[in-house]
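Some structures to go through are shown next.
One chain, subunit A, links the two complexes that follow: it is found with subunit B in the first and with subunit C in the second.
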Partner chain A sequence: MPEDRKPIPRREFLRVGVRGVALAAVVGGTGYLATRSREARYVWQLDPSKCTQCGKCATNCVLKPSAVKCVHAFAMCGYCELCTGYFEPEPNALTTAAENQLCPVAALKRTFVEDPYFEYEVDEPLCIGCGKCVEGCRSFGNGSLFLQVRHDRCLNCNECAIAAACPANAFSRVPATQGYLYRPGYSPATRKEG
Partner chain B sequence: MRARSFILVALLIAACGAALAAEPVPPPEFTDTQHQVPGEQYPQPSAAAIQYLDVAVLFVALCLATFLALRLRSRNAVFALMVACLVYFGFWRKGCVCPIGAIQNVTLALADPHYAIPLAVLAFFALPLVFTLFFGRSFCAAVCPLGAIQDAVVIRPVGVPRWLEGGLRVLAYAYLGGAVIFAATAPVFLICRYDPFVGFFRLSGSLGMLLFGGGLLVVGLVIGRPYCRFLCPYGVLLGWLSRLSGRRVTITPDQCVRCRLCEDACPFGAIRKPVEPPTPAERAAGRRRLAWLLGLLPLLVVVGFVAGGALGTPFAKLHPEVVQAERVRAEELGEVVGTTDASDAFYESGQPVDERYAEARRLRSRFALGGRLFGAWMGLVVGGMLIHLTLRRRRDDYEADRGACIACGRCYDYCPVELTRRKKQAEVSSAKNPSAKQ
Partner chain C sequence: MKHSRFQIPDSRLAGILAACLLAAAGCSEEKGSGLGKDFSYDLTELRKVEPHLIGYDEAGTISVPLKEVRGLAVDAKDRVFVAGDDVVAVFDREGKREAEIKAGSASRCLAVAADGTLYVGMKDHVEAYSLKGDRKVVWESLGEKALITSIVVGEGGVFVADAGNRVVVRYDLAGKQLGLIGRKDEARDIPGFVVPSPHLDLAVGRDGLLWVVNPGRHKLQAFTADGDLEASWGKASAGIEGFSGCCNPTDIAVLPDGRFVTAEKGIPRVKVYSAEGVFECVVAAPDRFGKDAVGLDLAVDSLGRVLVLDPQAKKVRVFVRRKRMDG
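Moving on to the complex of A and B:
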């Protein structure tokens, strides 16, 4: 039955031909994109100059608590006794009592240095990235507190869930070698690579 | 809020001695204690090596999956590898990045010359494609964590009618088209946003994500791998390439005896029954139908292209900047009262309103084009499906469908010819090495 057998080699022949074309397309396309892929890695970061402290960093990250944390640029800080990033508006007293604190999880630590200066430090494992202290500091202080994606925690999702929700469009992919963005005019002199 | 602010300002002046709140408080000099201002930590991302390890594991897993499914023909071995990959790619590496999502990175890299795609992501996209081109969809069987989590819950599979299977398959094509359009138009990654199982891998997720994933797993108890068959956009690409593959799953190692035992073996509806050759009358009718449908195809594409224009506006609503501009506009016109986070962010940015509107209009027109292309794509898909349904090929044996078979290896155990082969093989090996028998 030569008529019945005939279509099979033809189909097979076509298949091999199309496979060759498909292979060339996949390999060629991959090779083309590979030549353009200069940076080894991109990571998500938020631009503090665009951030509006809406609080979505605390709620939208796939991690609980969020990979976004408050960072304190000590060199910018005024060491105020009445820190508007630390204290509730109209605090009862300028003490570390819970009812005076703005931070909902008491992640901002206040220690006395010398009269009248106090140092404020972020307890990172506690911080949830809500940005309440950032807003307080920015509104009436120097803006030394700002939010950043911490790359030791971030899972670097293909689409950052916070970026998708950010109302200020502050999130973008940045090269991993420059993984942090600072307030305008600030570059950390005492930057340490952790 | 205002009143509170004034009180705060007053307090601040008293406390820090600054003339105005807007002026920065000068950093102090600690003359008494010589206190050193500490520096802050900037931890770096984990070494890039881990992603190359992922690629290496992917490559090894693909080689193993192909060997186990096609050469060793062992369902148990494929299952073991599948569980291992579920643990590695799913629960340990948290299911990200995956080849399914990599479609979007590749699309974005092609559409946006400024986006440099990471090499590891590119490898994740291309490796399974190349393997599938030669050996069929062994990636789906044993490597993909999304497939694995569904495969693990297949308890009592029931068949899906062919027409329903074909109809639901259109969803996967629509998902692929949508994902590509959105990744290219605005970097919105739909596949990641609506990934059903990544929440299980991370052990956290939004309620919607967990309900969707949980629902798919519940459905998956009776309908094998619903995501893979009816939604997975990468599965569409793999299905195409799998049709071209040289080596693939053959249910029987030898001659099919048409015993029909394998008919129910496949929980994914990928086994095709023998088809008698058409009679001359059927053949002529089929040719006429094909001619009609080939004529209909361009019409469907054009209709889709025109109708897709209506999708531009709803599509654009997924882009945050468009939503923001619409909100600001509505607030300007007094249509809504109050502000949202997005409009607050806009006012704070100080950007001129017209600039933002122009940007939103530009995005909308891009989405309008995207919607048209999506419509044309759907026209092409529906037309192509219709043509595919009319094509009738002669088939002598029970065969695994080239596109739909995911090489899970379940059907081997059902084939009496295969069981005979195994028995013979066992006899041969025990004869060769009799000490193993005792």
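Moving on to the complex of A and C:
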């Protein structure tokens, strides 16, 4: 046996072995717990069928602008020329001029598709979650615009300030794996959120 | 400590300031959110109707004891037929219940032919019944995408509105398909139906033409039985003379003298237009209906009464013309 390869003493071998097992247990345990906590994690969400578009989502969130945004279920949308979520109830003209737009922060974008259809997309960084367009869409149309907590922004506070203020009790904790709630009749499989 | 005439104690100043802030908040906030009026969607003014424009009075109602009511028709004897649940309820002209016809599935709309045959629209097909309730025949399905919303019987046959496929299907009385009406065709100058929500209604005009609502274009359009577009009228406006929102009217009927009755959603209201499409008067203002009233179906009888099916109230509401429109 060469001199540079001395046998490891039994005590040293046991000490290294125990350390290795302990390290593996810590790493494995942490991974297991992390996976498990992700599976069991709950997030805040609002039920569109209960929402009354009171405006409190815009003003009660700890984030400015709010983590609640308008989302658009394109599969439900009529692609209307006169979209009541986009236009004032009595627009001067069906153009994108500011005075015709319903959204106070111009967060809804209108794009021509083909006569007489137009596509409407939400510019999320601009949207403050006031719900004005949601009410306009719901009043006349199919309700394809609705409010949702966006989980890429939401801080998931233990006590959600909006949930506490919501007069419709529309907020609840939902599993993170199913973090969005849709309006009845909308199939998430065909969604293209805007 | 002695105050001068113009000094206000700090405690009082704070109180006055707080009161001013609260008053300002009360004036500017909507629904307690802290947002100003620019962030509020308000149709209150548009729901108001000048009293002098109202030309009809509600003369009575027929309660329909069904869970869900969807379609309304009146026959030549002024009997009232209501489609709902999986039945057709039949009433006499005074509203007394005469019969209930069991349908094969959920009935959505209906029409009665001169020979007494009752054509009932289901989601994707039509079923024909005798007035005794015997099912005569089940017509072929219009496909998975079909959503039948209206049926009328005219000189050219039976016309079935399919909102799902955005087309009117013409049949003979036995159920043989004769053609399609209203599909986009630039060569025939037919723009096509724009149907953002499931409302595509039909009526037969006094001239025998088939009148079809094109809700996304806010128009009523007249077709021959062969599908030629003959006439069109209507304009988008939240004002009383036009059709409001994205897609109105939702329902139409034709009075015995050829004038039109229209119903809208969003701002639920029923109005009368001349045979040329000029606004004449209001039958029922928005305050007659619930805020979210939708699916108002219309029929008229031989006396010129306007019958409105109110699905929220589960009632047929009967309106008669005022002798004098004085508000």
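One rule holds in what follows: the second predicted complex is superposed on the first by the 150 of 194 C-alpha atoms of A that agree within 3 Å, B and C clash if a C-alpha of one lies under 4 Å from a C-alpha of the other, contacts with A are read in each partner's own complex, and residues count from 1 in each chain.
The definition used in the following text is that a contact is a pair of C-beta atoms (placed from the backbone, for glycine too) under 8 Å apart; a residue touches a chain by one contact, two chains touch by 3 or more.
These numbers were taken from a predicted model, which means no experiment stands behind them.
In the superposition on chain A, A:58 contacts subunit C only, with no contact to subunit B. In the superposition on chain A, contact is made by A:102 with subunit C only, not with subunit B. Partner contacting the larger number of subunit A residues, of subunit B and subunit C: B.
By the touch criterion defined above, A:89 reaches both subunit B and subunit C. Of the two partner chains placed by superposition, only subunit B is touched by A:18; subunit C is not. Touch criterion met: A:130 reaches subunit C, while subunit B stays clear of it. Residue overlap on subunit A between the subunit B contacts of one complex and the subunit C contacts of the other covers 52, 54, 56, 78-82, 84, 89-90, 116-117, 139-142, 167.
Of all residues in subunit B, those touching subunit A in their complex are 4-5, 7-9, 11-12, 14-16, 21, 24-28, 30, 32-33, 35, 37-46, 48, 51, 94, 96-97, 101-102, 104-106, 109-110, 113, 115-119, 121-122, 125-126, 129-130, 133-134, 188-189, 192-193, 198, 202, 204-205, 241, 243-246, 277, 320-321, 324, 340-342, 344-345, 348-349, 394.
Listed in rising order, the residues of subunit A touching subunit C in the complex are 52-56, 58-59, 78-84, 89-90, 102, 104, 116-117, 130, 132, 135-136, 139-142, 167.
For subunit C in complex with subunit A, the touching residues are 30-35, 38-41, 43, 46, 194-197, 216-218, 236-239, 244-248, 265-266.
Taken in their complex, subunit A has these residues touching subunit B: 4, 15-16, 18-19, 22-23, 26-27, 29-30, 33-34, 36-43, 50, 52, 54, 56, 62-64, 71-82, 84, 89-90, 94, 113-117, 119, 121, 139-143, 150-152, 154-159, 164, 166-169, 173, 176, 179-180, 188-194.
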